[in-house]
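One chain, chain A, links the two complexes that follow: it is found with chain B in the first and with chain C in the second.
Presenting the complex of A and B:
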């Protein structure tokens, strides 16, 4: 090939390129084959190591024979075997209770896994910190909650998420303040994980939640309302009613009305009914109609029956579904309007067939 | 200098241009693969503490409506629906939209699940084509809804599914796809991790041809028997798994496969659902999502999840494959034309400045340049401007880089997910990585060029017909399922696995 520059240079460049590519192709092919070989060898080795010690772990968990013998055996396995076995033992912790759990925790402590995790929580590698948080959440024990609470402020989101899950698993009331503080989004935490963790902690989380109920950030107040509902904090109903009545944020009002439904206290029914008014934002109306069904409030039947004729699809649909949940008055009301409302017919059919109603959460 | 000399120089320059173009294209892919490696590494390292088991029992997990548009899927629909119903997730429903099937799709569903017609008021949240004729559900608490409607096309069927869906997340899957058991749990995870920004997630699609399927699960994965399907296995690995992971890392993912994608329902409604007039409706939807979010000053993330997997049959005949690629190319051209305002526009972030220009230059125009290069080389040889030795070197560099790219993809797969466990499968993949660059690639270039011409000419888009082979099932569930072999029910089944 001739070239505007120089044919000989062009050809030389291509020859060198072809040579380099040939070497690269061979290297890549060898890398593929080596990868396969390495994978098989390491898998087999790991399986062999686990298989050699697993029966003792199973005996320990099952409480068969003498636990002390199993512990001694497991405590004596070499470091390589323990590295392969440790994830199996940690995974077992999530599936066992009582003495079996205590035995496995004791083994992990004896092997130094817990101590390593406490140290690992300070390591530079985010993966090591997350793995350590996971283990601390599974094992618990002195210092674990404080260590995990500290990791809520970790620079890595993944580590923070693992710490939240771990605190939820431990359900230690002393973690509630730190978790509520985490709602303030500096640094941000996955909110649904915090909600789950606060629900797992339960009533002990209510005081710090109430303390954050007037936070300036709309999202924080909304999450506080949601968490109070998930915990079922009956005592917090007045605060939630106040949020529903006066908060400037629709999101906060929406979560408050949903929480009132979950709590199930009878007193705020009138406020929830008021939230279904046509003057209110659509999402709030739909959520309020849904909450009335969750509350099972017979007093709401007339209002919900009217809402079945609402021109907005999701308001009418949710109202019908809520009526189906209020037995027997709501179902009777549905039967009365079924001839004129498709939503009523649908909800009635679902109620009769014991199918969950088809409602969508806005 | 004679006129012939001038023409010769032009031909030579054209050849250099083509070579530079392909070096740049493959280097771009290499960059995407390197980004994907970083993502995979992170994904694999977080596996032990990702907490998927906890998500499975989490009452706060976001519910998912799995929408399965079906048209003449009698052969596999029961097995597919059973597989979907067996997915691990705390709160989900399966919505099958029978899009005017002319075979026994609905009859086999009714018979197997004991469906009864139920009253249902379906909102018109997004536009559809073809009226709903009836809605059916099984007795009891099986979370299944079957909607029958007049034929209106796949996008319209998906839109009907969106309207019928009642969960906050909508998962669109092809009726002939099989999902890994944890697929919903994992693909829904980014919505929980970043609820304010994640609007869509896409899962990876792989070829299931000739693998063993038991009770709707891929139990033994094998390389397909035909070389055409084998080639697509490597192609999907390189272009879909690694390419899309790379784009996801740049927050510039513009294609979520119609075979397995998860979306926020409220956002789908806000943007109007899928475009029923576009043939590349899955890509168009994602580009429109990005555009809508940017224009409404909302931060949005579309995330690609490299595992688990949606398994789908890939075409095993040149005729069907050609039609599929022609359609993809036409779809891409239509999407780029519809959203041309975004091309190179920094107001649309990395999607506007990186992804869409890449798709325009290196996906849409690649067949044009490739075929132009072949013509230029032939012309150069005929005119004596190019000697044979040089032509061979030229080919070796261009295609050697392509082979290297496929091998890099295989290396990454081997050190990350290594789904194909057999040595024989590995040997086949290595051979395919080489031979796909000679013949297959040029053939796809022709098909893609025809798709581009189709787009330029306009006119009605044809989905065409595709013959179904069926899963190689060890234990057929809900009636006989044809194993690999003769086609039992040639149907309107076009796996859109992009």
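Presenting the complex of A and C:
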């Protein structure tokens, strides 16, 4: 019996298939090469356009007496050159302050960049919305905070992240409520970015944070505690102490004790010391021992000295490191126990290595 | 002519600082990283150095330490430029003998004033 398709036809089909594949591969390679070439050409063209106008931008930022000349030159560059130069001008805003910054903001307003960004925040393209949020965060001005707060609810994660960063950069107190609400949002905003933004806003963010301190979600309460510590909110110490004493979540208690260390208020030292007790969860004991070092609490030296002999390696090591941070009492305590504790010897050596030698300056 | 060494890996900051200092009448030496800054300082012995803290190959703090360690360069006044978020670096900078510091974002006008003041102090 013979096959319904002859071997020669099979071979022909194979040759055609291989030929098609080869043509496709060549076409794809050419497309990739053409794409790369085009990117290089556009990059070079953009660099050329930037190079032609950047010296005037540098003059403007350096704040020389001929500011007006620089502004006029930059205001007169064609639209294509400005499109290339605008990101450089926006980047400059993050690097200078005072008159130099005011001059660049004035230029961006004059070129209509701010107005375009306000419109761009509503555009369909996520890239345009993110770019607009970035510019609004760099420039600020009327309406920028409200527009960025609206973008915290954007459907695109990257746009939301840029909006959080931009609000932190503006450090406008009126954004604090929106950012704290963002912690409760589903899906939530990028946690580390919100923490940074709240820290940048500073004490003005404390009231909305305290309002969220009894939120039902453990994670939100933990983040509130963390943010209060990063801000250094001394007035929030009683709330953090209450969290440390009574919260049902170890994570919340851990972040509260860390926050108390960062805040540095002397009153909660006894509560932080109590958190090092062997009855507490290990991770809380370690964090509390660490917080005592950050606090620089001399009252904690006897407790930390005892902890250097703790059977749990992690606790003993952290206690020794914290003693090294409490000068001079903690260092003296380390020296006393150095003969019997490897942790103490290690911490002492590290503390001595951190001291710079005397300079030879005349 | 007074010579200022400027070291920063950020081209925008570098260009603004160089332009401002040249306009203020200084002769400016430029480096894009710490190692080049150290070589320039050893070769040209500038009257003052403005060093960014975070630079590739060698940080501004390391450059400051190396300058202080050698007799020929120990007397060069140093101004550190540091990001506000890394202001804790300044403590280390002063430990290694830096004379002054500015945080970024910075004011070019203020930088020129600081250079003038530190130079005046060092010449007394």
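The definition used in the following text is that the second predicted complex is superposed on the first by the 333 of 362 C-alpha atoms of A that agree within 3 Å, B and C clash if a C-alpha of one lies under 4 Å from a C-alpha of the other, contacts with A are read in each partner's own complex, and residues count from 1 in each chain.
Everything below uses one rule, namely that contacts are C-beta pairs under 8 Å (C-beta built on N, C-alpha and C of every residue); 3 or more make two chains touch, one makes a residue touch a chain.
Computed from a predicted model, the values in this text were never measured in an experiment.
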| item | value |
| --- | --- |
| Partner chain in contact with A:94 - chain B first, chain C second, else both or neither | both |
| First (chain B), second (chain C), both or neither touched by A:353 | first |
| Between chain B and chain C, more extensive residue contact with chain A | B |
| Touching partner for A:39 - first (chain B), second (chain C), both, neither | first |
| Contacts of A:24 with chain B and chain C, given as first, second, both or neither | first |
| Contacts of A:279 with chain B and chain C, given as first, second, both or neither | neither |
| Which of chain B and chain C A:130 touches, first, second, both or neither | first |
| First, second, both or neither for A:343, with chain B first and chain C second | first |
| Set intersection of chain A contacts, chain C complex versus chain B complex | 94, 356, 359-362 |
| In the complex, chain A residues that touch chain C | 54, 58-59, 61-64, 88, 91-101, 356, 359-362 |
| Residue numbers on chain A that touch chain B, as the complex places them | 1-4, 7, 10-11, 14-15, 17-18, 21-22, 24-25, 28-29, 31-33, 35-36, 39, 87, 94, 127, 130-131, 133-134, 157-158, 161-162, 165, 169, 190-193, 195-196, 199, 230, 313-314, 316-317, 342-343, 345-346, 349-350, 353-356, 358-362 |
| Residues of chain C defined as touching chain A within the complex | 10, 12-13, 15-16, 19-20, 23, 65, 68-71, 74-75, 92, 95-97, 104-110 |
| Residue ranges of chain B touching chain A (in the complex, touch as defined) | 8-9, 12-13, 15-16, 45-46, 48-49, 51, 53-54, 58, 60, 62-63, 118-121, 123, 137, 139-141, 143, 145, 165-168, 192-195, 265-266, 380, 385-387, 389-391, 393-394, 396-397, 400-401, 403-404, 407-408, 410-411, 414-415, 418, 423, 426, 429-430 |
